[in-house]
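When the chains are written out, they are named A, B and C in that same order, and each has its own residue count from 1.
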Amino acid sequence: MKFPSYTTPREKLWFYFYRTFCGLVLFFLVAPLIVVIPLSFTNSVFLQFVPEMKIFSFDTWSFNFDGYGIRWYKELLGICSDNTGTTVCTDRWMIGIKNSALIAVFATFFASVLGTLAALGLSNRHMPFNRLIMALMISPMIVPLIITAAGMFFFFAKLNLVSTLPGLIIAHTILGIPFVVITVTASLAGFDNNLLRAGATLGGSPLRNFFKIQAPLIAPGVISGALFAFITSFDEVVIVLFVGGPEQYTLPRQMWSGIRNEISPTILAAATILVVFSILLLTTLEMLRRRAEKIRGITPQ
Amino acid sequence: MKNVITKTLVASAISTAMLAGAAQAAVTMVSWGGGYSASQQKAYIDTYSSGEVNLISYNGGLGEVRAQVESGNVVWDIVDVLPSQARTGCDEGLFEELDRSIFLPAPDGTPMDEDTMVDVPNDCVVPQIWWSYVPFHKADTFSGEQPSTIQDFFDVEKFPGKRGIHTWANAIVEMALYADGVAIPDIYDVLSTQEGQDRAFAKLDTIKDHVVFWSSGAKPLDLINSGEVSMSLAYNGRIGGAVLNDGADYVTVWDGQVLEEEWLVLMNGAPNRAAALHFLVHASSSQAQADQAKWINYGPMRLAALPIMEAGEPWFNTGVNILEHMPNTEEHMKGGILADPDWWADNGQAVNDRYAAWMAQ
Amino acid sequence: MSDTRTLDAKGQLLTNDGVPLKESLRKSLRRTKIRSFLLLLAPLLFLLIMFVGPIGSLLSRSVDDMEINRVLPETFAQYELWEDKSILPSEEMFAAVVNDIRATHKLEDSEGNNIGKNLLGKAGTRMTYEYSGWRSLLLKTVKSATKVNKRSKEEVKPYTWEAPYKEKMIKRDKRWGKVEFWQSLGAMKDPYTIGYYLNAVDLRFDANKNVIQKPEHLKIYKTIWMRTLQVSLMVTIFCLILAYPVSYLLATLPMRTSNLLMICVLMPFWTSLLVRIVAWMIMLQQNGVVNDTLVGILPCFEGMVNLPFFGEKNIDLCFSDEDRIPMMYNFTGTIIVMTQVLLPFMILPIYSVMRGIPPSYMKAAQNLGATPTRAFVRVYMPQSIPGIGAGCILVFIVAIGYYITPELVGGKDGLMIGNFVAREMQKTLNWGLAAAMGAILLAAVLILYWAYDRLIGIDNLKMG
């Protein structure tokens, strides 16, 4: 690091202290996620680094990978090697992944449609109760999940929606709407209404104008909102615990019961896959953001 | 508004059909998961040829049961319930009162209701098992004198190390009183008084600083394995599962064990009522009850199952004798406390509130 | 310009179609309003029915005490006539109980099925919440007061019990002679009650429906509410302390570098909550990475040392297996995990506000003679306050309703109110109490939400 010549030693010291502090905070955010990855390849049944997992021995000066394997990934896929008397080999993880994906896809779709409609409606400044409706649309994100879940537990029972996939899809749609409303509203904020007027002057029908002019501009907002909705649904467990029946295995629910009941490193294998998955999503989002900036003609400094 | 609801319902109906496939024809039985469910699968379901039974797990409690019955939208058929829930659930009409004559008598002709280890509390329940809360430790934890009584569990001076106990009050308050010198038959009388409860909690206070709490059955084994606690309470079947199947070197201290009943019940308005009843008859037979002990060391509720097991020893699937691992043998019952579900149905809320307050302080 | 303008007789501005401009604008405004309303209709209805509806149905349970009033109407009517509530009530009230039991016992639903027995069962459950023992007392009395044919399950008459009942009932179960049982009826006698709310804050009704404190050993919720506040506040403060410097760094670094570092912030944000909890379990448990590292790297020194002033001392500086710090399944664990989980919610709003503060202000302040510290405190920090406010309220709102994290890592002293709502919902089945606790929590969150809207405006909420 190059400092200007007038920097005092105290300032230098402060600078290094400050950078170290920030580094530690970022480390605090990411480190636990990184630690999961090597541990998921353990061969033991314990959720801790056992002595066999030491890969380099100073005594013999050699590497040793015997403590590692893909045992728990196999278990995740439902391929069990040790089906003893006390365990029933399950494909629940796979069912869980399938169910989670299914629910998330449907919920994301509905949330995107409803959220975009709401954001378009709310973009009209003259709409009465604009602010109140906006507050309502965002409230599913604010109301504690346990309250939403408890309410739905009673209400959905009356509608025959408890223990059904549609019930979970409806619940997750509600949780997803605020994200879409927020991101689409944000992308509409930069929208120049004169473009629509220009389109109308040139003879476009309102619908055509929407799809030709407005849609491409709000698309990045819709997509990033949809991604938020997707990940929210994919991660959600409180509602699933209350509204879903025991037969509705979802991935987070499986992890929940894994942590609570049958503590095995399978949850680490699942966690690793989810970490990789979130990195992929994040990359997608970052690319979308750059694209959106490019469209609007803003370039990074 | 109404239109929207109808539409939503139609949409959900269509998607249900689309997502879940054909309507469920198999009987749905709800149980606790883990090794216990596995034993039910192997002893009851795998031996049942007259229909399909789908075994799923729940976290206990009557919440889902009550919501299903109240809304008239029952999706479960058979539920495996704790004793106090078997009583309140039957009183509240959540479970169906069954015609007792359909169940199979013991091989010697004794009717089922007279063939159980306790009086059948009501007409809803179908016999299942006996299980117990019991302290255990690793064989090599203590050198010299070994823990042998419930007093030792409460004595952190003599047997150092932390204690693992569960996050609700059942069993632990009984144990505390027993360890404090109350005779087993008097425990619930003492507990019914304010002073008795104070006494139990005073005893609990003596280990307060040495306690690690658990709330799921697998956790105590984890706590013992990692050395976090030196002794822990656990469900006896969890300990037995590790010992019998995986050769773990755990020692169970049977003195002061608290035995609990376990019953099967039929949901009121069960969707597959007839098939479920048929299966219940099979699952409650003396033979099926004995078969379950091949897979787990929970004691059968039906008396007639014991001679079958005795005659078949070594009865456990790995070829060891199972009777000595059962909670309800004469030997183990000497210091055994039979939990009183009626007392718990009356006082559970208050005592558990107090216990929660004690934990939180 | 003025020559193309058309005016009507009144001097109003007209459009090309000859309609007054004002009118035309009003029309077009109405059209856009209608269009917006139509766009909003579907999402609004969906949310009202499927989200507001459920929450409403939850809240209605927090005051509803209808069912018990359906079972014991005569008893509650007699209760009003009971004058000195410190002595046992008279025969009329005992008779009222028996009459109510008999009347309820025969109740049938529209299809002719008996529901009375179950109503009495539910009443027993409800009454036990008020006073321990009610359930068995009531059900025992049901058996004596009614008579049922074992085979046909139909009621048989005449009843074995005849008036007067007072002595018979006390003989059947001596608890009928305890005035506390009778007094506890007072809390149930109204079809709508605030009793559940009182219960949720460790209060209760006495016999005369005065609000009094619960006995000391049954007080639990005040501790839990305080803990919930304490955890949320601590997490908010820790998040702020950690987030502020990092946000400043991210805001002042060149865009490319800061975007790279931003990934570190966003990655946990995008990773499943349960994954993060598992990760922290591995880090913090007794045999976890942190404790292993401490045992492994801390220098170990043990032995006698001759210290100046203190003389010969036995020093044990070892961090050995016994010294492993319990950081999981307790308060500490809850705080650590929640801080990490909620940190991005603090960094993002502060960062986005800081990005908008022109760096030239700081330079100007320094040019005018302020030290860098002074310039930062007097010029930069005040401008970043909106971000701090947004972040703090957001983190606090999310933290106060947490359920999953405390449930899995909270152990005995890290549980929050959300966990007790779940306990009452699923285990003890006191749904009225669960609803009341939920309602209080909801009210707290909505007040904060309103404050957030007032101070920052919800439309300024940004993601990522």
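Convention: a residue touches a chain if its C-beta (ideal position, glycine included) is under 8 Å from a C-beta of that chain, and two chains touch if they have at least 3 such contacts.
Note that the coordinates shown come from a computational prediction; the quantities given were computed from them, not determined experimentally.
Enquirer: Select the chain at the greatest separation from chain A, using centres from the mean of Cα atoms.
Expert: If we average the C-alpha coordinates per chain, B ends up farthest from chain A.
Enquirer: Taking each chain's centre as the average of its Cα atoms, which chain lies closest to the overall Cα centroid?
Expert: C
Enquirer: Please find the two chains that have the most C-beta pairs touching each other.
Expert: That would be the chain pair A-C.
Enquirer: Counting in whole Å, what is the centre-to-centre distance of chain A and chain C, each centre being its mean C-alpha position?
Expert: 23
Enquirer: Approximately how many whole Å separate the CA-defined centres of chain B and chain C?
Expert: 31
Enquirer: Measure off the straight-line distance from the CA centroid of chain A to the CA centroid of chain B, and report it in whole Å.
Expert: 37
Enquirer: Which positions in chain B touch two or more other chains at once?
Expert: Chain B, residues with two or more chain partners: 5, 8, 63-64, 226.
Enquirer: Where in chain A do residues touch two or more of the other chains?
Expert: Each of 48, 153-154, 158, 170, 260 in chain A touches at least two other chains.
Enquirer: At least two other chains touched by the same residue of chain C: list those residues.
Expert: Each of 46, 50, 285, 287, 425 in chain C touches at least two other chains.
Enquirer: Tell me, which parts of chain B touch chain C in their complex?
Expert: 1, 4-5, 8, 59-64, 66, 88, 90-93, 167-168, 197-198, 201, 211-213, 226-228, 342, 345-354, 356-357, 359-361
Enquirer: Which of the residues in chain C come into contact with chain A in the complex?
Expert: Against chain A, chain C makes touches at 29, 32-33, 35-40, 42-44, 46-47, 50-58, 61, 242-243, 245-246, 249, 254-256, 259, 261, 263-268, 270-283, 285, 287-289, 292, 340, 343-344, 372, 397, 400-404, 408, 418, 421-422, 425, 431, 434-435, 438, 441-442, 445-446, 449, 453, 458-459, 461-464.
Enquirer: Which stretch or stretches of chain B touch chain A in the complex?
Expert: Counting only chain B, the residues touching chain A are 5, 8-9, 11-12, 15-16, 19-20, 28, 30, 33-35, 37-38, 41, 54, 56-58, 63-64, 67-68, 70-71, 73, 75, 215-219, 222, 225-226, 241, 244-246, 295-296, 317-318.
Enquirer: Taking the complex as given, what residues does chain A use to touch chain B?
Expert: Those in contact with chain B are residues 46, 48, 84-88, 102, 106, 153-154, 157-167, 169-170, 245-247, 257, 260-263.
Enquirer: Quick one: which bits of chain C touch chain B in the complex? Just the residue numbers, please.
Expert: It is residues 45-46, 49-50, 115, 117-118, 120-122, 124-125, 128-129, 132-136, 139, 217-220, 223-224, 227, 285-287, 321, 329, 411-413, 415, 420, 423, 425-430 of chain C that touch chain B.
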